[in-house]
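Report on one structure; see the data block that follows.
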């Protein structure tokens, strides 16, 4: 019997990166195949090639024994391939049924949509595969887990026999993860081949039959689950053993410099997302904020920085309520912010390194003189120093930031934010998407800030990162802090349960 | 010693910046030049198909625009108002706005300046001139403020509101000049402004006035504001990435509001200059669409204040040369509008020419 | 003077007549926005359509061929707008502005080439009003709706079909999906580029038809600048109508009514014409400000960047 998927000698180059280097990838019929690797290993690129979203520079794709030129998702769908993307590909204002049938609609009377029939169809599918959903509601009213089920249904509706799931568990709470893994197993029973992209070893061992490991665009190898173990896979996955604990000086933290009291905030849709939230940060402290994405973290950061209106509550910095301060005044009073998405919110890509380094201090002396004219001499001096101190690898300070690598861009953000000698640092996913070297640099710098007396609020989806760096861990769920834990005596299962809204043991 | 080292560094930075600037300007101007060229070529094809001789037409256009002092004066006179409206468009564009209502702001500014010039009497000329210009700027600024408030408070898209306000401005001033402020006679126009409010003519006997000098100075000042002041920095930051600007403590909404007001004021000054330097009175329909040309001139000028001066000259030459062309060769004046529109369309999609070239290469 | 001099059956008949070009262009604008492209060029397309219709009718002596030519000219401009904004990912507003200016130039230029006058064409064969037999007999309603040029009835039909097309057919589903989330439509196997082109071209064809109504339905000649800002009013009607065909139709009727009313008030000399002429624009601004009702567009007018 032919394998379901054979990708042979696949290479794909992007400007400056070899995303896939001569990769062979084979999926047998009816297996669950794990595709394992760190961020940036090339997993998503490889699967996007299989799904016709990218054209490979070289290599061939054979589906069920026949070579296929994957020039578009439409071709991939025709070949029985379905993909559930990390970011859902759903149209929010349309119903579940409309989203499922989009592109493959049933027609009655020659030209009208046959919604009734389609709805029945969707209902039948959802029962058959254990993916419970109401076909008549709009996507925008569904939870993340339910939206994911719609995505899987969409693929199945299109007759997918080969299902690609791109990091499907990253955005789910543990209970939803269990449900999903069950559903995947039942799909396998019905003869589907499944490619499961992940960087979580635990999940790989729960459901996968075979595992292929990628690292920095290279194929490391394919192994059977029964013939391997966690430490072998981990070794294949990462370059070197990451320091799981960081050297931190023992400092007694006693001064509470930052305090949030009974903070209530609504999101863009007017739904209450922070519900009387309380939080304290001490100087010389890294406070880790653990939680599943979408439990109010973004709104909390925005409310702290003055980018989002509060409904009620206080934000105290050194006992001064800054909750009515403008963003500018908050920066002045000692708040620094490393945004979640550095390209969207942290940097102006069409500005030079120098111009980006003065953002936030651009209207203060010595950057400007009294007439609000920018002092080029001071600005250059400051920029040159920061480039040196933070080892920002740029040809010169006039280089556009868009031409720098991701890690270097993050250094520009750090240099700018930390050079203000902040009292409070808000680091929101500061290592997301960075390579290991850059990640370590950011973590070391955060510890350095702590040792200089700043209070650091570290918000991360990476529990390992939080546990490795934090002096204290606060768990956020549904807009509230549900627990404060000491990292040395708490374990991952405990935190996971709290993040899911359960009680810890 | 340190001081010398620092100034050396600045010199290096400045020269790097200068070299970059030159390189960028050439890169930036190149598509514009091609766009202009292709627009003229297409214009020629239109002329051939409609039975005119494009060589004659373009020749008389060039002669009309630059052939004698009168032509040059006319070219510069025509260029002046569109440099103002282009600067107005540019200033809002840099902050991320699309103010396509410069026409309305221009007209309102012109009317306000005319009223100031007519009804304030017996004050020294320089003061009268400055006062009239300021009032023109103020009126244009108010006309720019309205879409600014509508955007900030209600999220109304400025493209539509500025366009609608232009029509309101045309009708509103049309009412004023036909009823309360109408001069005796059958023409819809106001009385003449006082001598003290008239801008000096700088190239007699042509109509070219000191308004051109104001326009050029304004372009230079805007360049300085954008590149060297913290306000210009905030403006550009807001335009390029509003989210990051907000994270950097910049009040993007307020910055945009200022940009709206200042943008309107620039157009208003342009209108004032047109009244005080050329017509000496407000005449209904005196603007043949200077405001709409502003958008085109700003784009052809590479969205750079200095580039705008040159692009303004091109469009001024088209207008002034077009008149002689129309008289001498009977080619309808509207060919000028067609060429201008073609330039805009080519500038709208900078990749158009690249696409055509690639297509031809792929074909062969 | 009597109130019935202003508000009478004639006013409502005129309302229908005034609303027709706005509604056609507004539904046109809607199709474009539904696929995520703003169509500022409606005004210019109407003008071009008006001219093309008259020119064709002038040469063929057949107004219906004129109407077809108007629609075809709209399709051509739609192709251009689509090419500039979808294929080349150019700025939609600049492209639309270019189209508007080009229309002014080309129509005036050709008007002079053909008829030797920039201002207006000669009279050409135009569409005659038709009466709908049964409808005509109904009191009041029959007077208002019973006798119009065929394009008026075509407009009613188009509004109805647009609603069906958008919400009841596979094509409409794809159209809505492409505008709101092109990436989702793409991964579902929908050809985003094709749908966008179709939406834009359909949009411009309707604007062209609207222009034909102005020159061949309402009058029998072309006058330069005869679109008179209706393209922008149509955009506003579309926004007020929340990008829905029926809503857009309602808004067009409202604007048609103010238009009809201002002409009547003007002829009576109750208010200076310039003030009345501003009313539609001011209403538009108020509508846009969301004072009446908040509207958010179905898309953000950005070109779809395939990864």
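Here the chain labels run A, B and C in written order, and each chain numbers its own residues starting at 1.
Note that a contact is a pair of C-beta atoms (placed from the backbone, for glycine too) under 8 Å apart; a residue touches a chain by one contact, two chains touch by 3 or more.
Since this is a predicted model, take the numbers as computed values, not measurements.
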Residual chain clusters - chain A taken out, nothing else repositioned: one piece
Pair joined by the larger number of C-beta contacts - A-B, A-C: A-B
Chain B and chain C: spacing of chain centres that average the CA atoms, whole Å: 30
Intercentroid distance (Cα basis), chain C paired with chain A, Å: 45
Chain C-touching residues of chain B, taken from the complex the two chains share: 46, 50-51, 98, 100, 150, 153-157, 159-161, 163-165, 167-168, 171-172, 174-175, 178-179, 292, 295-296, 299, 332-338, 340-342, 344-345, 347-352, 355
Chain C - residues contacting chain B, complex: 38, 40, 80, 83-85, 87-91, 93-95, 97-99, 101-106, 108-110, 112-113, 118, 229, 232, 235-236, 239, 272, 274-275, 277-278, 281-282, 284-285, 288-291, 296
List of chain C residues in touch with chain A within their complex: 164, 168-170, 172-174, 176-177, 180-181, 183-191, 298, 306-307
List of chain A residues in touch with chain B within their complex: 305, 307, 326-332, 337, 339, 344-351, 355, 358-360, 362-363, 367-368, 372-374, 376-377, 380-381, 384, 396-398
Of all residues in chain B, those that touch chain A in their complex: 6-7, 9-10, 13-14, 16-17, 20, 228-231, 233-234, 236-237, 240-241, 243-251
